[in-house]
Amino acid sequence: MIDNPCILNDVTRCIGCEECVAACKKINGMPVEDGPPRLGHSKDGLSATRWTSIFRRPDEVSVRKQCRHCFEPACVSVCPVGALIKTPEGPVIYDKAICMGCRYCMMGCPYGIPHYEWNSINPSVRKCILCYDKLKSGEIDKPACVNACPKEATTFGSQEEMLAEARRRLAAEPEKYIQHIWGEHEVGGTSVIYISHVDLGFLAWQDKKYLGTEPLPDRTWAALKKVPLEFLGMASFMTATWWVIDRRMRLAAEAPGEKVTEAPETTEDEGGER
Amino acid sequence: MTRRVQITKGILWFITGLAAAVTIIRFTRGLGTTTALSDTTPWGLWVGFDVMGGVALAAGGFVIGAIAHVFKRDKYHHAVRPAILTALLGYAAVAVGLLFDLGLPWNIWHALIFWNPQSPLFEVAWCVMIYLTILFLEFLPVFLERTRFQALYRILLRMQLPLIILGISVSTLHQSSLGTLLLIMPFRLHPLWYTPHLPELFFVSAICLGLSMVIFESSVTAWLYKRKPNTDMLSGLARFAAGALALYLAFRLFDLWHHDKIGLAFEGSFEARLFWFEMGLSTIVPLVLFLIPKVRRSHTGVFIASSMGLMGFLLYRIDASGLAQVWATRTDYFPMWTEFAVSFGIVSFFALIYLFIQEHFPVEHEILDEEEKWRQRQLFVLPRFDRLTQVWLGDPTFASRRVYSLVFVVALVLGLTSTPWQPLVEASPVQRARGGDILKVGFPIGTVAFPHAEHVKRLGKEACGTCHHLHLPGDVGTPCSECHSDLYLPTRLFDHFRHVGLLGENASCERCHPKEGPRIGVTAKKCSSCHEKDMMAENQVVKTFEYLTAPGLSQAAHGICIECHKREATNPEWGKPDLFRCATCHRTPVSHGDVVLEASLEEIEDEVLQ
Amino acid sequence: MLESWIALARGPLLRLALFAMALGLLRHVLLQVWEIFWALRRAGDQVVPWGLALRRNLEWLLPWRYLQRKERRLYNFTSFIFHVGVIVVPVFLAGHVAIWQQELGISWWRLPGSVADWLAVATVVAAVGLLLGRMLNQASRTISKPQDWLLPLLCAVPFVTGFWVAHPSWSPLGLQAVYLVHLLSAELLILLVPFSKLVHMVLFWTSQTSSELGWRFPPGSGERVRLSLGKDSEGV
């Protein structure tokens, strides 16, 4: 398996035939029919049995959705037990045996990719794994969806190759494309990149806004890395406060007539601030 | 035991019974059946209320611990044991709530062995486990006080202060980490709630909520057991609460101002209104009330102010973990009654345990003494009979147990009856697709005539938005399936009563069902054995159909129509039927060249033809 | 209109009735066991004639000796027929078994159609006979309570309507209406089981048992057990 595998989706080439969806369902052994949609289902068509979907815009533009396999995935960073794994090669995969089912990954993903088997009594988180196991064993050399695409709207290669290809296409037909590669820098860069003639901001939550280039895990880590310090700080502050007050009270008891000075009322609140 | 306690316990048992019914369904049918959660809203009431709210509700334990033991305010010593008990039970309730919410609850222990220190939830899980242990050790002396394990009791008492300081530190961590949880969702959470200072805000709000809870709980206990409330202590706590609330208010507003988001609060949007409602309920009104000395000394006053604070801060948690995200997901989520039943049921169940411990262990000595006197008196009350079942009710303790168990069973039965047993699917206005009425196959063949006038009549003139502009402006082609989601489902056609009625006197089961064996649908005759002519003559295409059901649209199109059209396409006499072209049904990109598309479809068609 | 009522009666109401009966009866049994356990503990008498209690219960369940008693022979026999009908017909009727099989996939022996018909008729006649017996006997009439009159009547309704559902041509009303009445009356009856004296279907053994155990208790506890025996005077 190549390092840094990457999928380049060219929105201008997609005809919306859904061959990729069918191929994905076949290789992952999922039923062809999805069954009735659940109330509040994703409007983009993704579900636990549909890991890639064609998002059809009213203006007849078809955009393929799938897991972006971020370089610094939010889902991997938030999973309390590490059931989602960023493999050394690049794809983000899921280990059912470890998962507790807290669904924090689904909340954390900026693209709303992980889906849940709501109707199962033993549910899994489901999302595209970039055909990781089959690529790794050499059974296939491209993900099934890429293989199935009749229009080469979705192509597969290493990250460098794909970025170069994307830049080549943008330069070759500058009037056709918006000069932006979605996924090159978004949330720290992703392994699935898009070039398009329409704005693709709608692919993420809170559509029509850019996601920014800062990886999401940095935001929680900024708070989490202070945890040991907070713990020690709070413990020593409390001990010191107790010691001071205890000592004062004992002194006051030894010297009768002197009034005990009271500690300010909101001390314990201020203690929480850093 | 006062009448109040008995009635309260009855109500609590009822809610617990409802929750027990939902519990059965939850653990046999899965989350999909018992919750309105969906892929767009994977966290709902159970996370917002049970976990986020529950942990904060139990914050009273460490706050009172700090006030009484670290700051040595002796008048609050009375509040320590109830507060620690509340905290202990609160955290236990959180753990139970988690068992409901986790998709794979039997893997809950995985947090112990699979570590991901990057995850805020991992940090919360560990802190909660540690703190639960600390709370247990802090509370153990209450269990031991009147037993013969006096040596252990004294050791634990001596450990009280270090334990409390440890508890405060651990609480600081996970109360703030609950806020850290949400830092990963800048794109889901509305900017009025999202801020890098969520951890600090959550910590301060936990102190507010904890203090409100202690005030609320001691005024409720006083009311329940008809004791004079400790006004001195309550008003003192109210002053602390006022301080904490003022701090929270200043912090929150300063944060908004600092990040230049204060304008958002005056936009008039749903979120802005929600923000002010939440701030009013949680902070502003209780703060004003607590600042008035007369309110602080009034039993009702502190009760009202603290319960407002409680609800407000619970709303804060629910907003942050759900309501303030609707803005991004654009999906409404309203908890099903089953979710409310479980959330309130867990609270009720642990409230019952709380009352039980109050009545049997020296949490508050006055209550225990009263209860023991009451129990002594009950030994001399005559037994009774139940008039309806003519069953002996036993002595009064048994009688009250009979009442509680009856209430519990009634709630359980009502719950089991009204709980949905099937997962929630998109509601369709059409329960049974009646093909002839709605779908009219028009001319040319292969198009479906849409009776627009009928839809307008049925939905009302103002309902244009139901179909047009459904998602975005310019959406002119809302597919039928957007409303008629059962288009894709097989439809039950057979009407048993109609058949029995029409056959009249000739009706006998054996006309359709076998003499031997079960008389059910599967074993009955095929429709075609009577309706050969009706079903076959007009419609040459549909030659195979499932018993009792008509195929859904996609099933019909892919399984029956396309197959036949493919076959017929090879017949040179017919030419190429339109339906064979994928593009006839599946929409095609216009902006990108019909030429390309036509060519590609021609290619595919050629392939099939060869 | 009737269709939707039938759908309601076949779905949620049936479930409500069955759950109420099952869980309500379970509650009665558990409470009764608990109370007997506590009664025994407080009595402190370890010599309990379990064998005797068991034999009394078996005799009561298989009432050959009871039927041979001289007094009120006809009444006892009617009561026996009534109980057999009330248990056997609903449980083993082919149509009912088919419903169980369809809904839950479980199935058991089915009563042949003609036997079911005759047994149903016999049950209805027996129910009327029981009421007459109660009416004509001075002693029974004085101790009867409203539910003693109403319950046999209510028991008869599902049998009559059930018979009509099976033989629509005999029925004075439309099939749907009769079916609806059949469903609703049966559900009411099932629902009432844990809330009326019908609860004796699971608690019969406690009265038989405590009457045997009662004699062995020390004087103090005898009072309470004697009170629990009060149920015996009701007949079956």
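Just so it is clear, A, B and C label the chains in written order, and each chain counts residues from 1 on its own.
Definition applied: contacts are C-beta pairs under 8 Å (C-beta built on N, C-alpha and C of every residue); 3 or more make two chains touch, one makes a residue touch a chain.
Predicted model only: the values in this text are computed from it and were never measured.
The greatest centre-to-centre gap from chain C, using C-alpha centroids, is found for A.
Looking at B-C and A-B, the interface holding more C-beta pairs in contact is that of A-B.
Separating the centre of chain A from that of chain C, both taken as means of CA atoms, is a distance of 61 Å. Between chain B and chain C the centroid-to-centroid distance comes to 41 Å (mean Cα coordinates, whole Å). A straight line joining the Cα centres of chain A and chain B is 24 Å long.
Of all residues in chain C, those touching chain B in their complex are 3, 6, 12, 15-16, 19-20, 23-24, 26-28, 30-32, 35, 94-95, 97-98, 101-102, 107, 147, 168-169, 175-176, 194-197, 199, 203, 224, 227-228, 230-231, 234.
The residues of chain B lying in touch with chain A in their complex are 27-33, 36-43, 63, 66-67, 69-72, 101-105, 107-108, 110-111, 114-125, 161, 165-166, 168-170, 172-173, 176-177, 179-181, 183-188, 196, 199-200, 203-204, 207, 239-240, 243-244, 247, 327-333, 423-427, 471-472, 474-477, 485-486, 488-489, 554-555, 582, 586-592, 596-597, 600, 604. Those residues of chain B that touch chain C in the shared complex are 383, 385, 388-392, 394, 398, 401-402, 405-406, 409-410, 412-414, 416-418, 497, 500-501, 505, 507, 518-521.
Residues 12-18, 33, 36-43, 46-48, 56-62, 74, 77-83, 98-104, 106-108, 110, 112, 115-116, 118-123, 150-151, 197, 204-206, 209, 211, 216-217, 219-224, 227, 230-232, 234-235, 238-239, 241-242, 245-246, 249, 263, 265-274 of chain A touch chain B in their complex.
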